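Quick one: this structure, given as structure tokens, is what I'll be asking you about.
Labels run A, B, C and D following the written order; every chain starts at residue 1.
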Amino acid sequence: MELFLRNLFLASVLLYLFGAVISLILMKRQKACNIIANFICIAASALGAAASVIKILWVNGPIGIFGFKSAIPFVSLDMKVDNLSAIFLLALSILVLCVSIYSIGYISHYIGKRNIGLFNFLYTTFILSMIFVLTSANAVFFYISWEAMSLLSYFLVVFESEKEKNQRAGRLYIIMTHLATAFLLIGFMIIYSYTKSFDLFGSSAGIPEAARNIIFILLLIGFGTKAGVIPLHIWLPYAHPAAPSNVSALMSGIMIKTAIYGLIRFLLCYLGIEHTWWGVVILVLGIASAVLGVAYALMEHNIKRLLAFHSVENIGIILIGLGVCFIALAQNNELVGGLALTAALLHTFNHTLFKGGLFLGAGSIQYAAHTKDIEKLGGLIKKMPVTALFVLCFSLAISAIVPFNGFISEWLTYQSLFANIIPGQAGLNLISILAVAALGLTGALAAACFVKLFGISFLGLPRSNQALKAKEVPVTMNIGMGILAALCLIVGLFPFTILRLIDQVAIDLVGSSILGQLHGGFLIVYYPLKVSANSISPLALLIVLIALILISLLVIRIIGGKYIERKYGTWDCGFEALNARMQYSATGFSKPIKIVFKILFRPTRKTTFEGDWLYHPETIEYTTSFTSVFEEYLYYPMIRTIKQFSQRTKFRIQTGSIHNYLLYIFIMVLALMLYNRFV
Amino acid sequence: MNSMIYILVQILVIIMAAPLVNGIIKKIKALTQKRKGAPVFQMYFDIYKLLQKNSVVSEVSSWIFKVTPYIVFTTAIAAALLVPVSTKLITQQIPGDFIMLVSILALGRFFMMAAALDTAGTFGGMGSSREAMISSLIEPSILVSLFTVGLISQSTSLPQIMNAVQNTGVPLLHPVYIMVFLALLIVIIAETSRIPVDDPSTHLELTMVHEAMILEYSGRHLALMEYGAAIKQLTFITLLVNILIPSDQLIGFTGIGALALSLVIYLLKVVLLSVIIAIIEVNTVKFRLFSIPNLAALSFILAFLGILQYFILGGSHV
Amino acid sequence: MSDFLDTLSVLILLSSFVLMANKRIKSYIETFRIQSLLIALVAGIMGVDSLLTEGRFDILVVCLLIIILKVIYIPALLHRTYVNVKYKVEKDFILNIPILIIVCCGLVVFSYFTLATVDGLNESIFNIQFVNSVSVIWIGLFFMISRKKAIGQIIGFLVIENGLYITAMLSTQGMPFIVDLGISIDLLTAVMIMGLMVFRINEKFDSIDTDQLNNLKG
Amino acid sequence: MGLLLLAVPVLAVLLLFIFKQNRIWHIISLSASSFLLIIAARLTRNVMLGGKVEYSYLGGFFYLDALSMIVLDIVLILGFIVSIYSIGYLQEEIKQGKVAAGKLRHYYMLMYSFIFTMVLALTVKNMGIMWIAIEATTLASAFLVGFYNEKKAIEAAWKYVIICSVGIAIALLGIILLHLSSFGVLASGRFLDWTALYDNAKSLNSSILRLAFIFILVGFGTKAGLAPMHTWLPDAHSQAPSPISALLSGVLLNSAMYGIIRTAAIVNHNQGNSIYTGRLLIGIGILSIATAAVFILTQKDYKRLLAYSSIEHMGIIAVAIGIFTPLSVFGALLHMINHSLTKSMLFLSAGNILQKYNTKQISQIKGVLKLLPFSGTAFLLGLFAIAGTPPFSIFASELSITVSIFDGKSIWLGVIFVLLLAIVFAGIAVTLFKMFYGNHDQKDLKAGETNIAGTVCILVLLTVITITGLFMPDGIIELINQAQSIIIGA
């Protein structure tokens, strides 16, 4: 079994490699290259998904896939899969499967315009690098894959490099991620300095208390940046929109989750949780990210930026789960710990599904209407009904609305917060309660935001010519999204399919199975620790809803007779005719919230009139903007200071005068002589 | 079998009683304004009439517009199913808790807001946008106040909570419950589009929220929307009265009789709360839109104070 | 004999003070010539000494080399360079001369201060010679810093080399012969290259003022 | 055999002197460098088998061990690559009218004398001669730096000559003191003989030795571009013709560093620990990295930027030597190899860019990837490589060095080290990445590489540095380990 499994994983990896090579070889034949490379990815990801499921269900303990030790010290490529890796691999494989199907259609609009062979090469190796991140058995290999992942995704971000905006996004991304990686490296090195080993599956017993805390902070900064935790999130809303949509889906769907994986792998598995404050820090960061992420998302009218901010939000929700898990484990409360971990992992999985899907949806919109600005869209539901349906599903899922999967994981998060409130620890409880409030606010704001996204772009009248001319996208793109949408619904209705797998991870990491707490077959029933019974059943709800709809249809038919409808224009307030400009715009939609949360956005507006009199203007121009507080008050001043410092010192030291230069040498010699005098 | 009975009774009571609450409130308002007012049962007649009328549907709209009334209506009922009108009715747990309740209502609201945008009109967007703001602001206080009562009874399931509070004496004498009661009262006012948050009786673009969203509806669609709103209102009222004014512990016996008695008491409580709401509505004026956050903040602070009280007073001793 | 060397080392140090006090390029060259002569004298004395005691004549060869190169050829070369470039009389130094001299005094004190504790260097007489000769190096370096003109810098460099020579001579009786030879060849090439460069600078910048060489910054 | 190493460049210079035809100069250069490479390969094999190569004639001055072999190999490999690259580069320069056709001979003659001095510095065991050779490298390369004979080039050359000569003069003081410290210990025939000094290190006068180290550090440090003596470096590297910049950065700095390593080995051996040299080297090393980091952040000239990056990498090597554990010295030597290959590749591709755009200003360059698909890609990837991004080779050596820093529990040093490297990366990304994308403004530029052979060289280098990040032949590791044990002492 193990051998078979190993070969299965290896086959998947080799297939990806093969895909990478093939796409380079077929660079000249773009169409063939696109189809073949994507088919290879589909096959590889199917193998990967199957292997992951088999691994979790039927094989215990980590299995080594391959190991290669280079002659260079410490460089050894070691691939090992345990349940934690497998669950992330599963998410990755599923997403890659759907995205690759989608790409067959999506990439076709690049044919003849761009180097598709190169794109597919980067795409495949990017996937491969993520697989290596998730399966590396030592910190050096992890680091190598991590950097490779950043590098490859950077190239994908700047793939459409003519636009200055994309270049800037890429630059910001690579700088942020590299700086963060430096913190990771320091963390790994401190680990090494105490344990003399980079083995991730080894013991961390030799690390003293203080060092553990430092490592925690370092890793949190390092992984937090990749995950897009506020205030380290600023690269995310720039980088995700810049990449082609299928890549954004991967980046948002799985790449930022590798940071979550890293946190779990290094903190939970390797170091072990001993301090409550670790969990508290993560929880607080989670709360901040969730609320601020969604708040900023609401202000965005660029679909992909909007979705990117939602990634920040969802990472926040995952971190809330993770934080609770850490707090509970620090207090040896394994049941709550397991529950919270399950919640976090499930939300990670779910987010992969729906956020991947949403980015694909955004890609479809861009494909059809050639714009990312929702203010220019409208009425797409009639032009592209299938896409609209799927986007609606994803929107409901991300807003944590039953019966989709987002709700299940948020429910579990709520439950773990609920269970984490224990009398006698007032401070922690207050944070948990704040987390509850934050989750509530986040959920409602997310719903508002996705009503905006869906309502403004798909409903109503087209706001521009581009939207008017939009056509339904190729069928492959819809298949890719369709699978994801179906999965969202399936996981929402039958959460046990995936919870069974996640439970194995929880057993591995926490040591206690919470499946017993969650029993109930297709219903998810969770008994809290002491009294009472909390349970939900989305499936039952769905049945009830359908039944009720049928009954009400019947009753109405009996009372009201046959349904007769008359088509007529919408009430246009007595003007000549309804036009697209009379609709609410996205800006208008989110304005009340903008005003309420003024302090976050610091909105500015500018109105300019043209014409003789204020009340009879010829044209009115109204612009409104908001400032991103973190960029404006944290990053820009910092960058400015550093730049100035560099500029000044540069000309102060390298003055161009040879006398100065000689003086440096002179002073250096004298100083060293003086040093020697006193040593 | 039991669950079928539960569902039936629950649905019947809620469906029958929901328009009545509207009627009572309107009647009281009329009386205080020295008007005779419409009959208490006016809404039943309205709905019956509306159901028989043809629907006018906007040319611009899509299937979302037509599906929404059914979803709003059924989600309201489904939500109501999670809030037992009488604890005498349930012998087993129901698969759903207050978190799910919030989520189900969110489903309805999502479609309602989307449908408002679907007609491409000016008013729809306006209502939708305002609803988005109000519902987001009110959400934390719903959850925190329900969490508070949930924590006291160690469950998130509403029947469990109701059962638990029955054993705590008179909850409304307790500071925690007082805070929660007030917080939820504000929530109800906001959720059911009542003054001072919204004015259900006008169609003035400066004020309307809910009415703006359903402006384009007519015929059976309008009936379903109105009915759904009424059911949602009753659901919230039930939540409040059954948790914070528990009465079933007064009935010492079981059986059909007990159930009937408890239902009667329940209806009385509903009427009482309707009166309170009506009085509040009469005695306040509509806030301007951007004062609503203050109200929401007040509600949240009350809920938060409630939970603080819970911690200060020492958790499970309540 | 060591007294003699001692005196010579002081004289050499003095010559570098004199150099520092010079204002004209022409006098730089002359002072340098005198300093080189003094060094040749030291080499000569030690060469004779070693010829008599050990039968070695390599130091004498070095002495000859110094005379040929530093006393005769290089000053002549510099002089030619100086004559060939258009030279306008300008203030050549950065600080005024008294301050420069005081700094140089400070350098001697500093050398003493830092070298006094070094084992193997702090035997009385030896120490004085060593400190003196090392000071010459620092003064040479300081001379380079204080002079603006390119030729001034070449002279400074040559003084540094002189300082090194005298240090090597006084402390270790010269380096191994082949090394000394190599150093001389290097020195010669260096001065020739620098001289050539002075021409080029003069050609391109119309001046040999190194303050104009400040296009490359940052 | 070994002496051929010295003879071939001299012969090449002579032949260049004799012949008058343009084409023959190229052929001479190419055959000389390939011949050198073949000899180097043979010698490397001998060193790997026998540990060292020594000849008894001429006072036994010729000496090659694993340490010098490594640096020598770098010199000759880069010499070979640069000689190929130069052909196309110079032809293009002549075509563009920047260089007179006749100056080609000067160029090659200077280049081969430069190589000769470098080979000499690495193949002698007498520290004095080594000093002479290193001083001579300055002289040989001075006119190469000023090759273009423009204002800026002359200025750079002048600064180069003056600063390096002064620095190297200070090193001579160090050598004198080294000699003094061995007075009475070594026989007169073995004065300044590195092996003798090293073997008898324990009996040398340790306080003079320490003083000697200071001067040698400052002196050779000037040549190696360690801050604050680095000031000549950005000027010289940016003004020299690009192939020469590649040589300066990839080869010259290493030879100077080689001198420091040799001395440090003696001093540490004498002191019995590496605290004294360690502090100085680490201090100067970190200072160099920090200086480079600050200067790179707002650099406007890409060749200067690369020069500052060389300062940074010399700083890294200095830190590694300062740590002085087997691992760190291993890392330092590996880093020397990796840095030389990567940096010279960068300079060569920068040369292609410079020839295409005729400007060194980053702000005036756009769309390199479109105009120069191959050198542009190599330059971009090379930047990642030079910043220590895996899977490129510099990552591997930086990893060893970083580990060795942390291994000694000097965590703060490690933190500063890693963060500074990250800042350097950020600086490179901020300043340089914008040249690669977009569309260039000038209409008259045509896409495509001009220097085909040179570009092939660049691509070969790129392949090498990519592969050796993860897979290094055992032979090379073995050689480095040999060198490492020479320095540390088995």
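Criterion: a residue touches a chain if its C-beta (ideal position, glycine included) is under 8 Å from a C-beta of that chain, and two chains touch if they have at least 3 such contacts.
Note that this is a predicted model, so its numbers are computed, not measured.
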Which of A-C and A-B has more C-beta contact pairs: A-B
Centre-most chain, if every chain is reduced to its averaged C-alpha atoms: A
Chain located farthest away, centre of chain A as origin (C-alpha): C
Chain B-chain D separation of Cα centroids, rounded to whole Å: 78
Length of the line joining the C-alpha centres of chain A and chain B, rounded to whole Å: 35
Chain centre separation in whole Å, for chain C relative to chain B (CA means): 99
Inter-centroid spacing, chain C versus chain A (mean Cα positions, whole Å): 69
Of all residues in chain B, the ones touching two or more other chains: none
Numbers and ranges of chain D residues touching at least 2 other chains: 158-159, 162, 166, 170, 210-211, 234, 295, 298-299
Residues of chain A engaged with two or more neighbouring chains: 650, 654, 658, 662, 665, 669, 673, 676
Pairwise chain contacts, counting only pairs that touch as defined: A-B, A-C, A-D, C-D
Residues of chain B defined as touching chain A within the complex: 7, 48, 51-64, 70-71, 73-75, 77-78, 81, 93-97, 99-100, 102-104, 106-107, 109-110, 113-114, 116-126, 128-130, 132-133, 135-144, 147, 150-151, 153-157, 160, 164, 215-216, 219-220, 224, 289-290, 293, 300, 304, 307-308, 311, 314-316
Touching residues on chain D, where the partner in the complex is chain A: 158-159, 162-163, 166-167, 170, 210-211, 214-215, 217-218, 222, 228-229, 231-232, 234, 276, 280, 291, 294-295, 297-299, 327, 330, 334, 369, 384, 387, 389-391, 395-396, 399-400, 402-403, 405-407, 409, 411, 414-415, 418-419, 421-423, 425-427, 429-430, 433-434, 436-439, 469-474, 477
Residues of chain A that touch chain C when the two form their complex: 650-651, 654-659, 662-663, 665-666, 669-670, 673-674, 676-677
Complex interface listing, chain D residues touching chain C: 59, 126, 128-129, 131-132, 135-136, 138-139, 142-143, 146, 149-152, 154-159, 161-162, 165-166, 169-170, 172-173, 175-177, 179-181, 183, 188, 191-192, 205-208, 210-211, 234-235, 238-239, 295, 298-300, 304
List of chain A residues in touch with chain B within their complex: 378-379, 381-382, 395-396, 399-402, 407, 410-411, 414-415, 418, 421, 423-424, 426, 429-430, 433, 436-441, 443-445, 447-448, 450-452, 454-456, 459-461, 523, 525, 528, 530-537, 540-541, 544-545, 548-549, 552-553, 556, 559-561, 563-573, 578, 580, 582-585, 588-593, 595-596
